[in-house]
Structures are given as structure tokens and as C-alpha cells.
Amino acid sequence: MQRIGVFVCHCGTNIAATVDVARVVEAAAKEPGVVHAEDYQYMCSEAGQLKIREAIKEKNLTGIVVCSCSPRMHENTFRQAAERAGINPYMVEIANIREHCSWIHKDIEEATEKAVILARAAIAKVTLNAPLQAGTSRVVKRALVIGGGIAGIQTALDIADAGYEVDIVEKTPSIGGRMSQLDKTFPTLDCSACILTPKMVEAAAHDKITIYTYSEVEKVSGFVGDFQVDIRKKARSVDMSKCTGCGVCQEKCPSKKTPNEFNRGLNNRSAIYTPFAQAIPNVPVIDRESCIKFKTGKCGVCAKVCQAGAIDYEQKDEIVTQNYGAIVVATGFDTIKLDKFDEYSYSTSPDVITSLELERIMNAAGPTKGHLERMSDHKAPKSMVFIQCVGSRCADKRGKSYCSKICCMYTAKHAMLIRDKYPDVEVTVFYIDVRTPGKNFDEFYRRAVEEYGVNYIKGQVGKVAEKGDKLLVQGVDLIDNKRILMETDMVVLATAIEPNPDVRKIATMLTASIDTNNFLTESHAKLRPVESPTAGIFLSGVCQGPKDIPETVAQAGAAAVKVVGLLAKDHLVTNPCVAKSDELLCNGCSSCEKVCPYGAISYEEREVNDHGIRETRRVANVNSALCQGCGACTVACPSGAMDLQGFSNRQILAEVDAICK
Amino acid sequence: MERAKELLTDGTVVRVLGWKQGDLGYNPEPAYFNSPEELADFVYDGFCGANLSKYMIQAGKMERNTLVFLKPCDTYSFNQLIKEHRVNREKTYIIGVGCKGTLDIDKIKNAGIKGIESISQDGDMLKIQTIYGEKEFPFDDALLERCTVCKGKTHLVYDELIGAQEGEEAGPKGNRFEMVEKLEAMMPKERFAFWQNELSKCIRCNACRNACPACSCLKCVFDSNKFDSAQKANVDTFEEQMFHVIRAFHVAGRCTDCGECSRVCPQGIPLHLLNRKFIKDINEFYGPYQAGEDTDSRAPLTDYMFEDVEPSVVTERGGKH
Amino acid sequence: MHRTEQEQAELIKEISGVNTKKCMKCGKCSASCPAYEEMDIRPHQFVSYVQNADVKALLESKSIWKCLSCFACVERCPRDVKPAKLIEAVRLMVIRERGGNYLTPGEVPELLDEELPQQLLASAFRKYSK
Amino acid sequence: MQVEKTQVFRPKIVAFCCNWCSYAGADLAGSSRLAYPADVKIIRVPCSCRVNPMFILRAFQRGADGVILCGCHPGDCHYTTGNYYARRRMTLLFSMLDYLGVENGRTRVEWVSAAEGVKFSTTMNEFVAKIHSLGENVRLGDLRCKND
């Protein structure tokens, strides 16, 4: 028989103002099994906890109920207090009489009555509690970073510098990400490549970092401290150990008609290619869909010209399986598709481009070698129009409801750079709001206006139409309340950004939660911004929400610290509220196994002794280290063999009964 | 039967699971036959309604192989049991037997035919020997409800067929959801009255549970202390509702609609209407699904789609309050 | 019956089904409007006028007769505000106050064309039939 | 003249809330002081998928007038897939209860995130109002319990 103590907290007046605490104590004392009941001003205080510890010792309590604030607040506090007094910490139940009672009800009679019922339910539950032992699980001292952009590189460098092994998995043939496509960066106008390339080189040279490019995460199992991950290394068709990166193969490749992804399709590339000159690794891949050899079997030019004999048409995808203690998601972003924004003529006119395309045009290594020109006739523009918020802040399905955050600043950057380099080009920016929170950001924008003479007009553009070899932009100036109809040579759209579409697949593999916009959800919006709610999964960069480079780098470092904090531990304490199967009731039907999100349930042939009948049965076995305690299996099980410790069928039914009494 | 003898003699199997004549002319019962001699009692006629699949759970644990006779619809149950790892296919030799439909003795009795001694079939008619002389009754009028909406004459799993051909007369007949739809169209009060009347007949004999090939738990939750739900007394209507609702829920997505529950109910409660409601809902909400059709697909309740209907569909669709 | 401007504004919102608070003042409605130059009060201003219960000016505005009901503003609005619906509501209010519509309700269905927004036809008749 | 004191109907309502979203949403409703009737009593479960149909039937058997299940929004489940299973289970169970002639307004599933204190409170207000309109649950009550 349990000996239960009930402790009712006043929480100052937070509870006591609407709940008659004395009556709750009185009612609780009458419940079967309760041998002690008292109230106190602040149960969570050191003095309050002392009362609990003393009562446990004096009255030989086996379980306690604390009627106080939400268990999400102080469950741990009271569990520790119980443990210090020598009883199992899982013999503690909380009746939430603050958030769920005193704070939402005004009538003292009603609130007190409810508090008594909530106390009764907790007493009924704790009567059925059993001591649980938290286990431990190992921590693999290695981290995985998914995505090799600036976020992934920075996270990997910081983890590696702390002395832990890190693997970067990058889908494309080179690390570098979006930042490698940018020309200059705001607000200092550093050359993007000049600041990124050293980091790429550092990552590649770091003895603690292994980089898997042209690779994807294929399967993830396990849990915090010990994830098992399958990485698919796609066949590069080039032997990385032999290739010297001389580039002759790319020069000689006869297939040169594939849109160049790195240049956003503004020019073409060869079938064997490295995305850009500073690529890491500087080893090309053969794009098998474009390669003549793979399509027709005839060609083989690259193999013939390769002095190193590195070309390997027979190469196959390879699966690398590795264990990790922590995983960082750094999958980055892409710009949204503009096919639904007909009014801007993006799909019909080559002179209407996105800002990321402009980055490539402005870049010395880009399709125009850095000369500002129209893609239709390669003439230098005399005037340019920038349109902001294309697809951002959009309530309808065509775009995204959020602000993409970076566009105001990069548009100011583009406008400024163009006015600086080509002073005869008229630059007009149509904006809804110019948002420049950030150090030196507003000053930067003002310089664009005041020093460089960029013409900012408040008002979203209604329409862009082709008119001869010009573009006709129709808008309004909301300040002057005047119609604007202007002819221009080029239109640049500040296109909304969205998380990399692959992230949904990755989030599912990681069981990391994701919002309706496909941004990964952080564990707490303010206090745990780089952690996913799934233990051991961390977030770095735009996969979590729009951000610029400095913010990304800061978050990458923060994620790295969290990873290091985890990897520094030798063991983790596991949640003991896990599923447990009664082998005598188990039918072996596999229903539980099918609904388990963690693959924690396996089946084995086991000899059981069912009341004297010895036989070998197929029974479920729960790996308590993998189980996270959701309880899906307990309901899938028709015979009731599967139960959840800490939230058992009988415990919950006891609560139901107490509430409905 | 001859074939069974052969297989017993040549050692392919060591026992045969079939039906033997009961103490009346129309109540054959499931039986094991361990020798060719015992097979003399073997019988197979329209009253061999019993679905032998469930017995194979037990047989699978015995030494060596067992021969079992399965009617087409029984093979769905057997398949479902394979899926749930309850039967051992390797230790089973299945003879798929042809089926013209199984009969409901109560339909004959209710027609006023009393003192039945034996029944035989003659074309479309049943010849019934009674103590009052020979009577005739149309075969089709004596069919069990489940056979009037037969899901097809194809065996899904077998080693050989007798009296049936492969791919014979596939496809279901009739609308098995007719009565479910009728109930759905009623006012809630009428529905409640209907079920209150039906379920209050329940004597908790557990025949439905014992006959059901899906209800095959080693120990039923209603017999264990896991839910404080072990109570057999017929206390009031709601106790019975709870039992039957949970029973139907536990077999939802696993029930092949074999109709054994209703066939064996001594009180004549149309229990299959509970199972069919789940089947109908599953088909409507999550796409057509026939339990036992295969041995590897995910059952509807262990599967999901992101776009699944919300539970509010019940209120929106019903709305008749 | 006399209504205050505030009441009129509420009525306009009710008739049109427009939530003026959704407007983020980007001006894309006016930027898209083919009749912009003809208007004294511009489409984007309709939203803030209604929001501020400045209804008298709207009732007297010539814009309500210049709106083509082409729905470009409705199509392009990133916040789903539907300025054309507001303009129609103001128009309707003027017509109701003057007393009498230009068409009997029974005549309207025959004139409907599936390709056109219903409002286009209805408002066209209100504007030009007299 | 004696005024007869009328018995006010105080429904018994059980709310199952998942620990990660809805229970936190209820906490937020509390800390935001968003009132809802005291008739609602919350039972904390790790996930909506922990809720066995037995619990719901048992609540009704013991005299509950309404049962509501709250979980994370589909796609947001802390355990990834729990609420998808809960959704199917509850859809089928509620449909069955409806089929048995139990008013379908007495059962409800609502997805409430940890940030939706307002939604939690409005949902509970709506649900209690609905139960008030349906009155005492006579159809599923356990007569045995009421007679003693």
C-alpha cells in the first residue's frame, strides 16, 4: 500500500487568491492512501522543498503529489527533491492548479472544486506509479552537418576546432552553397568569394573534417548521442584520388548544352564539369544525363584526354554508414519559382531577371564576365528597375507570407554597385517598405539614395510588359499619388526565398518538426533558437528562417557550441517513461512495430513460460534506448501487452475515473 | 476426402483440419482427423460455415504439417493471419474447396419447418427430411446473410483446389453496406434504439470473440487486468456497447468481413454491422481496403497520410442532431 | 434612415466582405489599375478611406463610376484585400440611397456570362444604363 | 413563496492533451489568463497517439458528458507521426459512436500548438457550450454508477 503525501502550493496569491488552499488540503487528506497533506506559500522554494523532504522521511512516504504550477515548470524540481529524500523521482505527480485552474477561473467555489478534482486525479495516478530507473546511453563523439554552405562550413569548423570529428554532406559537387554564387556582400561590399574561399579551404584541410560532396543523406536511425546515418555518395565518374583538377576534360567535352546551375541557367556548361573555379573538391563530375558516352555509348573524349586516367565510367553509387552523436541541419534556401507571377513577364522576357541571376551577371566569373548587360541582346542597359517583395509578404498561395529579410539590403547593394560602376545607368527601386534593421544597414541604404542617387519609389509595381526591345513598368508613386509608367532596359525581381525543397525529406528522416513554410522549427523561439525539438538535432542557417550571412554565421557558431556541449558528455540520461511489452500477452502481430516512429520495436522468438506452458513465441521487444515514449504502440496493440511506463493504461484510467467521479 | 487420405498416407501432413458431422443433421463442427480411418466422419456441405483459419494458429504450434480445408472467403482470414505472423504457412497444406454459399438453419426453421432430421441439396432446392415427412426449401432463401453479399469465389491462398477453379467468378455480389447505410440514414435516436435493442440481447457468451479469426489474442483485454476491464457480467447495455465497440475497433482494418461473429451469435445480434461500419468508413476515408487480400500491405490503422480527413468529418457529414 | 460615417463604413465592409486591416499599403492595386488616371480617389485609397470611415468623400467620388470592375486589383493584391469589392460596395450604397436600381433583379441572371465576373455585369448596368 | 433552487447542469468534460503542444497551449492559455469553464479537466498524455479508445469509452461510462482530444498540428508531432495515427483512430471511433446513436458533438479532436493559448481557450469555450446545448449524457452513462 502506498503512503502518499500531498503538498499544496499557494504560489503567493497566484493560486491562493482563487483556490481555497486549505480546502484542497482537507479534501486531499481524505483520499485513500494519503497519509500527509499540507500547504505552503512557495513549494518550489528551498524551504518548501525542505518541507517535502522532511515529510517524506518522517511519514515514510512512498509517493507525493504536488498541487502547484504546470509540470512543465517544476516537475523536475520536485522530482529532485523526492530523490534527495530517498524516494524514486518518478513517484512524483503534479496537479496543475495554477495554469489550468487558478489563473483561468474567477469563482473561488468553482476553482477550489476543480483543484480538488485535479488533486484527486493526481493522487489516483501516483497510487499506481512504479519506481522507474533512468538509463544511460552512449554519445558518439562525431557530428554530421547536412549542407555545405556557409552555415554548414562554419558549424563544422567550430565543432572541429573544439576537437571533435565532423562530416559535411553536400548534395552538389562542391561545398560553398549560395554564398559562392554571390558577387559582393552587404553592407561592407566585401567580395563574397574572397571571404568564403579561405573558409572552404580551411574546412577541406582540417584534419577533423571529412567532406562528402555530391552525396546525400539517405537514411537516419537512432537517437540523440547515437544516430546511424547512411550517406549515398553518388557516382562522380571521376576518381577523386587520381584527378589533378587540370580542367582539360571540361574544355574538350563535346556536350556543352546543359544549363549551368551555378549561373542560374544563364549560360551552358559541359557534361563533365566543376561548378565553379574555386570548387572544393576541385574534381569534376560527369552529369550522366547530359553525357554523350552515357547516353549513346559513343564518345569517351574525357577519358582520352585525361592524363591522370581519372575518368571512371563504371563508378557506382556508394553507401557510407556512420554513427553520429549529433546532427546539424544546414540545408539553406533557394529562390521561389516565379511561374505564377505573370504580371512581371519573368518567363517571357530574358531581361526580367531575379536578383540571384544579377549576382551572377555582376560576377567576374559569371556568364557575362562581370559586364552588366541584357541577356536578350547583350547591350548595356541605360536604365534598370528593381522590384522588391516579389512573392514575399504575400498572403495568397502564389508566394510566401513571410518577409524574406535579405532583399531590401541586397537590392540597395545592387543599386549602389551599378550606380558606382555605371554612373549613366538610371536605377529605380520600387518598394513597399525598406527594412534595414542591422548594424550599418540603414546607413548603407541611405548612402544608396543620397550618395549614389538611386531613385526609391514607394509602391508595388502592377505590371511589367515588353514593348519593342524595352520593358514597360506600370506602377504608382504612393507618396505623390501619381501613376508611374516608365520604360526601362532591365527589371530585377527581389524574389522571395524558401527553404531548400529537399528539407522536408530530411526533416522526416530526422523526425525534426517543420512549419507550414518548410522552415525547421526551433525548440523555443527565444531561448532555444538553434535546437530542434528533437533531441540531438540542431539548426544552422536559413533552414530555420530567413537570415543574412552574419546572422547565419552567428547561428552556425551557436549550433556548434550546442553540439560540442553534447559531444563533451560521455553518457546521456534516458527518459525512463518508455514502452514495455508483457511477453505473456503479446500475440506477435507486429502492429506496434509498424507504428513506432523510432524503429524501437523488434520481434524475437523467445521461450516464454505462460503459467506452466513453456513455448517459443514471437514476441515484441522494446529497445528502451530508442523508445521516446510516445505511446503509439500501446494503442495499436489489441491485447494490451504493450504499455507505457509513467503513463500506463491503468494510471490514465485512474485519472479518468477520478475526474468523472 | 480421398485426397486428404492420400496426403495423410504419404506423410505430407500428419493431421487434417476439416468438419465432421455433428449431433444434428445440420450442425457439422470443426475437427482434426489424425488418421485415414477417422476421415470417415468428414463432411462438407452447406452447413460447414465454420471458418477454419483461426484453428491454424493452434495447429501451427503442433508438430509437423497440417492439412486444412478453406472456403474462398476463409482464405482472406488465413492471409490476414499470415500477415500478423499468427499462422505458419510452411506447416500448412491448404486445399481450397469450392463453395456455393453456406446456409442459415434459422431461416429454414423460421419458415415453419420443424423436426428436421437431415437436409440434402437437389439443384436449386433443399430436400429436408423431417419427422413430418420430406419438405422442400429454395437453396438461395436459406443462405446466410454474408453469402448473399459473397465477396467472390476465388481462393487467395492454397496448395490445391478441389471443386473450384482458379480465378473463378471473381468479384463481389450485392451491396454489403445496404443495412449500414440504412442505419446511417436514421435519426440518432432511432439508431440508438436499434443498437440498444440489439446489444441488450448480448449474454457475453464470447462466441463472437471465440469464432472471429481476427480476434485471436492470446488473452483478450476483457480478460486481463491491463485496463481494469475484466468484467463479464451483463450489467447494463453500456457494458456491452463498450465490449462490442472495442472488439470491433480492435479488428478494424483487420476484419475480412467473414461474418462468423453474426453466424455464431446465439442471440442473433447482427454484429457484422459494427465491423462493416468500420470497413465502410475505412474505404471512404482512406481508400478501398480489403483485409486479407494480401500479406504485406499496411493495415489502415497502422498507416496514415498527411492529407487524411480530420475527425470533424463525423460531425460535418452526420450533422443530424 | 440616417447612418453615421462609421456605420456606413461598417456596412461597406459587410457588403464587400473585405477586411481592410489586411492591407499592407503596397499600392499594387493602384499600380495594376487601368482606370487609375481617371480616378480622383485611387483604389489603394479606398481601403484606407473605408478603414478611416471617410465615407462621405467616397460616396461623392467619381472613381466609383470609373472603376471597370476588371478585377486586376483583386487578382494582384498580395494580401487578398479585394479593393474592387470595396468600390462596388460604395457604388451600391450610392445606388441604394438614391433609391432604385437600374435593373430589376430578375433581369440579371439572363445577362450573366460564365466567363465574366458577375460583378462586372451588374456594376456595368448600374453605371451606364441610366 | 418558496423559490425552488434549480439544479444547474455542470457537465463533466475530460480533455486529453499531448505534453508537447496542447498541454503547453493550455499552460499558455493559463498564463495569458484566457478563461474557459472549470468543467474542463485536463489529463496529460505524452502524445495524442497515447489515447486509447478505451479511455474515451471509460470516461463516458463513468459519466463524462464530453471528451476532447488535443494534439500537435499534423506535421508538427513531437514524435513525428503520433497525431496521424490518433487522427485515424479517433475519426473511426467517433464515427462508430455516431453510428451507435451517440451525439457526435460530445467528441472532438482539435489540434492546438504550444503557441495557441487563444485557440485552446476558444476551443474549450465552444466545446463546453456545445455540451451544454446537448445536455447531460444519458445515452452513455453507466446506470450502475448513478443508482448508488
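Order of writing sets the chain letters: A, B, C and D. Residues in each chain are counted from 1.
Quick note on the criterion: contacts are C-beta pairs under 8 Å (C-beta built on N, C-alpha and C of every residue); 3 or more make two chains touch, one makes a residue touch a chain.
Note that the structure is predicted; figures quoted are calculated from it, not measured.
Peer 1: In terms of C-beta pairs in contact, which of B-D and A-C ranks higher?
Peer 2: Pair with more contacting C-beta pairs, B-D versus A-C: B-D.
Peer 1: Measuring centre to centre with C-alpha atoms, which chain is farthest from subunit B?
Peer 2: C
Peer 1: As a quick test, compute the distance in whole Å between the mean CA positions of subunit B and subunit D.
Peer 2: 36
Peer 1: How many angstrom between the C-alpha centroids of subunit D and subunit C?
Peer 2: 45
Peer 1: Per the centroid of Cα atoms for each chain, what is the distance between subunit A and subunit B, given in Å?
Peer 2: 50
Peer 1: Any chance you could list the residues of subunit A touching two or more other chains?
Peer 2: 595, 636, 649, 653
Peer 1: Out of subunit B, which residues touch more than one other chain, so two or more?
Peer 2: 221, 227, 301-303 - these are the residues of subunit B that touch more than one other chain.
Peer 1: Mind pulling the residue numbers of subunit C that touch at least two other chains?
Peer 2: As it turns out, subunit C has no residue touching two or more other chains.
Peer 1: So that we know how the chains sit together, what is the shape of their touch graph: line, ring, star, complete or other?
Peer 2: Its topology fits none of the listed shapes; call it other.
Peer 1: Okay, what are all the chain pairs that touch?
Peer 2: The list of touching pairs comes to A-B, A-C, A-D, B-D.
Peer 1: Contact residues on subunit D for subunit B in the complex?
Peer 2: 52-54, 57-58, 60-61, 74-75, 81, 84-85, 87-105, 107-109, 134, 139-144
Peer 1: Quick one: in the complex, what on subunit A touches subunit B?
Peer 2: My answer: residues 582, 584-591, 594-595, 603, 610, 615, 618, 636, 638-641, 643, 649-650, 653.
Peer 1: Mind listing the subunit D positions that touch subunit A in their complex?
Peer 2: 12, 14, 19-20, 23-24, 26-27, 29-31, 33-36, 38, 41-47, 49-55, 58-59, 62-64, 72, 75-82, 85, 89, 121
Peer 1: Could you please specify the touching residues of subunit B with respect to subunit D in the complex?
Peer 2: 180, 183-184, 188-196, 221, 227, 229, 235-236, 238-239, 241-242, 245-246, 248-249, 252, 274, 277-278, 281-282, 285-286, 300-306, 308-315, 318, 321
Peer 1: Going by the contact rule at the top, pick out the subunit A residues touching subunit D in the complex.
Peer 2: 70-72, 96, 98-101, 103-107, 110-111, 113-114, 117-118, 121, 508, 511, 513-516, 521, 533-534, 577, 595, 597, 628-632, 634-636, 644, 647, 649, 652-653, 655-657, 659-661
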